[in-house]
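Handing you a structure now.
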C-alpha cells in the first residue's frame, strides 16, 4: 500500500468521536485527516474545540487539526460518523449523496432496508445491499452502519449458534455507563444503583438482532425468524456490557457441540487478517464466574467478545453470559472493522 | 397481650444475626432476650463478641447481653436462626427436638418436604405441614423457613399472577453485595464490575420458587408445575435485589387485568395487620425507570416489594421488573413476618 | 402554639428545594404552604413541575400545591431559599425588602458584613447583626444564611476547640456527589475516581470558617484570626462529607482536655430543645476507623457531626477526622435549624 | 547483552507477586524463571497454585512453571520479594545471606539503617549503603527495598522541591482498594464509602519520607529534617493513590520557579534510559481538575507520577495534588526500576 487512506470523522468532538480518534491512532491503513463538528466548533483547532472525556489525554496527532463544518466539500472519501441521532439523518445522507462512503455508528439509517447493518464476523455478505442502495437512492456514495452496542455483543454471542436454528432469544443486559456518552448518566442516578431502563434500547436489540442475523436474498435482507426479547439495565460499570442470554434452538445440540462451535468460530475478518480483527472473535472462558466487564472487556484491544457459563436452561434450551466492550467493539471499533472489511473488498481502491 | 414474647437468635454475631437484632428493635410483640453464637463468642458480652457491620452503630439494648452457646438449654421458646449453612442443620434440629419453634433464615431445611418454606403473603397455608413435620420427626418443636433473598423477591412478584396460570418463568437477578454477608465479596471483585455468578443461587431460585408457589394437598406441598430459569449476577449495589422477569401465563390476560391484580394484591398479613406487614406488599411504580435499588429498597421499612415496567414479552407473554430489600424482606424481616403469622395462628399462646 | 408557622420555599423544584420539602415533612413548628420556582414551573402543580430526585418518592403532602413565581406577593412571612446562585441575589433581596424573613442556603449573601452566617451551635449571637442589616438596608425583612456544606462540617469540628485558641487549620475534604445537585457530577467523571477540585469550594471554606468562628463586636463580625487552608476533593460517596483536619492551638491542651471538650459540647439549640437539634451536636467515635460517610452520616437524622481519630499532628498540634451529612446538616437541615433558633428568639411571634 | 538475566519472585502467588509477573512480561533485561511461594503451593504448577486476581488473565509464560519453596537453593541470583510482612523478615534475610540480591517490596527491612529505601529518581546514591550492609551483616548478598505505595507518590512529588529546603509536609491520601491486596477490603466496607484509616500507613509515610529524602553521609542516611504529617484514607477507586500536599519551604520560590523545577525534573533513570523509567517521571497537568486516578494512573505504563493544582497555601507555603499508580509505580514497577538501576551500576555483571 502506497500510503494510508485519509479518513474524516463526523461528530468528532463528542464522546463517540473521541473514541474514533483514539481507536484510529496508529492504525495501519487509515489516517484521521479531517474532523467535522457543529458550527460551534467549526473553525477552531480540535484541541480548543474539545473537552477530552476519555481516560488519559487527547492524542497529540489530532489536536492541531482545524475542525470543519459537517458538509461534504473537501472531506476525505471515507467518513466515519459519530453524529448524534438528532442530526445524523440529514448529514450522513448529504455525504453519501456527494459520493462519500459513510461508515456510521449512528442509529438513524440502521433499519432502512437498503442499508447494511454490518458485523463483519456475522454478515459480511450484507455489503451486497450497497449496489441496491446506490441504485435506489441515486447516490454516488453509500452508507453502512454498525449495530447498537448491546446488540453487537448479543449477536456475536448468537452467531455461532445459527447452524442450530435459533428460534427464541431472551436477553437481559447489564450495561456500562460509558454507553450513555457524556455527560450521560448523572452520578446521582447510578451511584450504587441499577436503572432498569434505557430508552429505546430494548426495541433496538430486538429489531437489529433479527436484521443482523438475517439472510441476504439477492435483493434484500430477510430477518431471522426468531423471537427476541430484551430487558435492558444500566449498572455502575465503566466499560463493558454484560448480557445474560437464554436461547431455544431447533436442532438439539449437546454441550460439546456448542462449545466446539464457539471455539472454532472464525470468520472473514480473521481469514483476511483485518487489522482490527481479534484473532478469536469469541473467547470462551471456562471459569465459573467469568466473563466480567472490569476484568475482561479491555482484553484483545476491546475487540473480542467473551463468553462463559454455558449451561442448560430449564425454560428455553441453553443459557450463557456474553460480554463485550461497548465503546470499542460496540461502537468505534465496530465501525472501523466495517471499513476494513470494505477495503478488503476493494471499496477504496 | 400481657408482655412481649421473648425470643432468641442463633448465629447472633454474624451479619444476618445483626440484621435480626436491628429489625427486632422496638418490635411490638417480640423482645430479644437470648443470643447464641459459636464457642469463640460464648460467654462474652455481645458488645465484645461482635464487630458491628451494619450501617450505624449497635443498638444499645443488646450490647450487654451475654452470648450463649448454640444449645437449647435455657433459650426462649421462639428462636430465630441466622446460622451459617455449615452448622445450621444440626443445631436447628437440636432446638426443634427440644421443643423450640425455630424460624430459620438458613437454607438447610428449606427443601425438606415437611418443612414450610413460608412467605406469609403467598402460602400461609403451608404452615399446615407442621403437624406432619412433628409427627414424622417425633419433635416437640418445629422448624419453619423463609426463602433465599432473591427467591422472595421473585415469588412476591409472581404471586399475584397465580390465578392466570404460570407456566414458564425466566428471571435475571442483579443482586446487592449485602447478600453475601461479611466480609463477603472482596471489593477488588465487585468495584465497577459485575460478577455473573453466585454459587448455588440459580438452583435455589428455581427449586424454591416451585415449592413456595406450590399447593398444600393435605399431606404435602405439590410444587408449581412451572418451568423456572434463573441467571444470577452480583452488581455494585449496597442493598436491594433487582430481578427482571418474563412469564408465560395460561390465561392470556390484558395489561389492565394484570395491573389490577398487582394493585389489589393483599393477603393474610395485611388482613391481620401483622406488625411487620407492609400495607401493600407489592407497590406498582408507573415511572418508566423504576423501581431502583438505592431509591426504593428501603421504602416501607424494607418490607414491600416494588414492581414496574410491565410490558409484553416477545418470547413469553409479559415482562417486568421487581425489586426487594434482600436483608430485610429477603432475610431478617421475612423470618420475623413468619413468626408474626405463627403468633396470629396461636402458635405461641 | 396555636398552629404551625406557614413557610415558603424558593427554588422548590431543584434538588436543595426537594431536600427542604423532605426535611420539613412532619416538622412540629413549620408547615410548607407555598412553593416558588422559575417561570417554567409557575402555575403547575408541584407534582407536575418536579422530577423528584431524592431517594424514595415525593411526599404526598406537597404534590398538589401550585407552584408560584418567585415574587413576594402572597408568600408566607418565613421563606427558606434554595435558589441557585445565579438568581438568588436579586430574589432574596426582593423578599427581604418586602418584609419576609429569608433563611437562605444560597451562597450569595453569606459574606456580606451585615448578614449572619449562622450555625446555631457556634454563633447564635451573630443574629444580633440583623438590626444593623435592617437599618443599613432599609429593609422591613431580613436575610440569614447558613454556610457551605463542607464549611459547616469543618466549623462544627472546630467550635469546641475555640477556647484553646485556634491559629492554623489545614483541612482536606472528601465530598459526596449529592453536594453537586442534579444532574450534578456526570457518572463518567466520578465512577471509581476522585476529582481533586470543586470550583470555589476551597475559597468558601477558608473565608466562611473565619466569619463563622468570628466574634460579634456589637457592630460587626470580627473574623477569627486563624489561617485556614482547604484541599477539596469529590469522591464516589452518595451522602456525607468527610474532612481530615490538622489544627494549631495557642494553648497546648492534652488529649483528655480535648476529648472532654468534644464530649461536653452542647449549645443553645440543645439547651432550648430546638426540634431539629441533635441531642449531642458532635458525636465522638472511639473506633479507629470511624466516622464513615455511608455508615454514620444519616445517624441522628443527619443533624449531628461525627468526630474521630484524634491524635497528635507532627506539623501542627492535633489532627482528626470529622464527618457530616452534606444535604441535611450541610444544607436544608442547617437552614431549618437557623429558623428554629430565630423562632426561639421570638422572631415569628 | 548476551541473554536476559534470570529472576525469581518470592511470594509469587499473592497479589503483589502477580503484579511482578505482569510487569515483567516482555521485560528486555529480566526473565521470570523461578517462583517461590508457601508450602501449600510448592510443587504445583503456577497455574494450579494461583487464583489470578488481576484484571485480564494470567500470562501464558508463567503458568507452567513449578512453584518452589521459599528457600535459596537453586533460585536465580536476582530475587524480587513480594512476601507478606508476616514472613518476609526471615526469608529475605536467608536469601541475602546465601548471596542473592533481594529487591523487596515488603516493608520489613525498609527502616533498617543499612538497607537502602530506594527511589531511583530521588536517591540512587543510597545504594552506597550496600557495602556497609554486607560488611556489617556478613552477608554475601544484599537487600534493597522500595517504599510503601503512598510514600513513593508523595516523595516523587516532593523531590523536585528539595533544592528549596523542605521543612514541613502535610499530606492527605485518597488510596485505591488495590493497595490492600486480595481479598483485601470487603466491599461492604468501601462501597460508596470512605474509610479514614489504614493501619500503619501514616507512620510509614511519615518515617519513610524522611529516610528517602535523606542524605547519604558516607556511612549512613541522615533523614531529612522536615516535619511530615499524614492523614490516610481509603476510597472506592480501583488503582491510583491521590495525595493532597501542603509544604513549607525555606527558600520562598515563585510559582514559575516551582513549575520549572517540576518540568525539568529528570534523574538517573531517565539519563540512563532504564527500560521501566518514564520519560518524564513527574508529569505536570495544567487542567484545574487533574490528575485523577481513573483517568491518569495508568498513563506512561503506570510509572510516572502526575502533579497538578499548584497554588499558594494559606497555612504553609504551597499546596498541590500528586497521583501515582499504587501497584505499579508504588510496588512491582518500583522494585523492577530499583533492579534496573542496580544493573546499570554493574551489580549483575
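In order of appearance the chains are A, B, C and D, and numbering begins at 1 in each one.
By our rule, contacts are C-beta pairs under 8 Å (C-beta built on N, C-alpha and C of every residue); 3 or more make two chains touch, one makes a residue touch a chain.
Keep in mind the model is a prediction, meaning the values are calculated, not measured.
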A student comparing C-D to B-D should find more C-beta pairs in contact for C-D
Quick one: which chain's Cα centre is the longest way from chain B's?
D
Taking each chain's centre as its mean C-alpha position, how far apart are chain B and chain D in Å?
48
Please tell me the distance, in whole Å, between the geometric centres of chain A and chain D computed from their C-alpha atoms.
40
Whole-Å gap separating chain C and chain D, where each centre is the average of the chain's CA atoms
42
Please list all residues of chain B that touch 2 or more other chains.
191-192, 236, 238, 294-295
Would you tell me which residues of chain A are touching chain D in their complex?
55-57, 191-192, 238, 294-296, 298-299
Residues of chain D touching chain C in their complex?
168-170, 172, 174, 191-197, 206, 227-229, 231, 233, 235-238, 242, 244, 246, 288-295, 308-309, 313-316, 319, 321
Which residues, counting only chain D, touch chain B once they are in their complex?
53, 177-178, 182-192, 236, 238
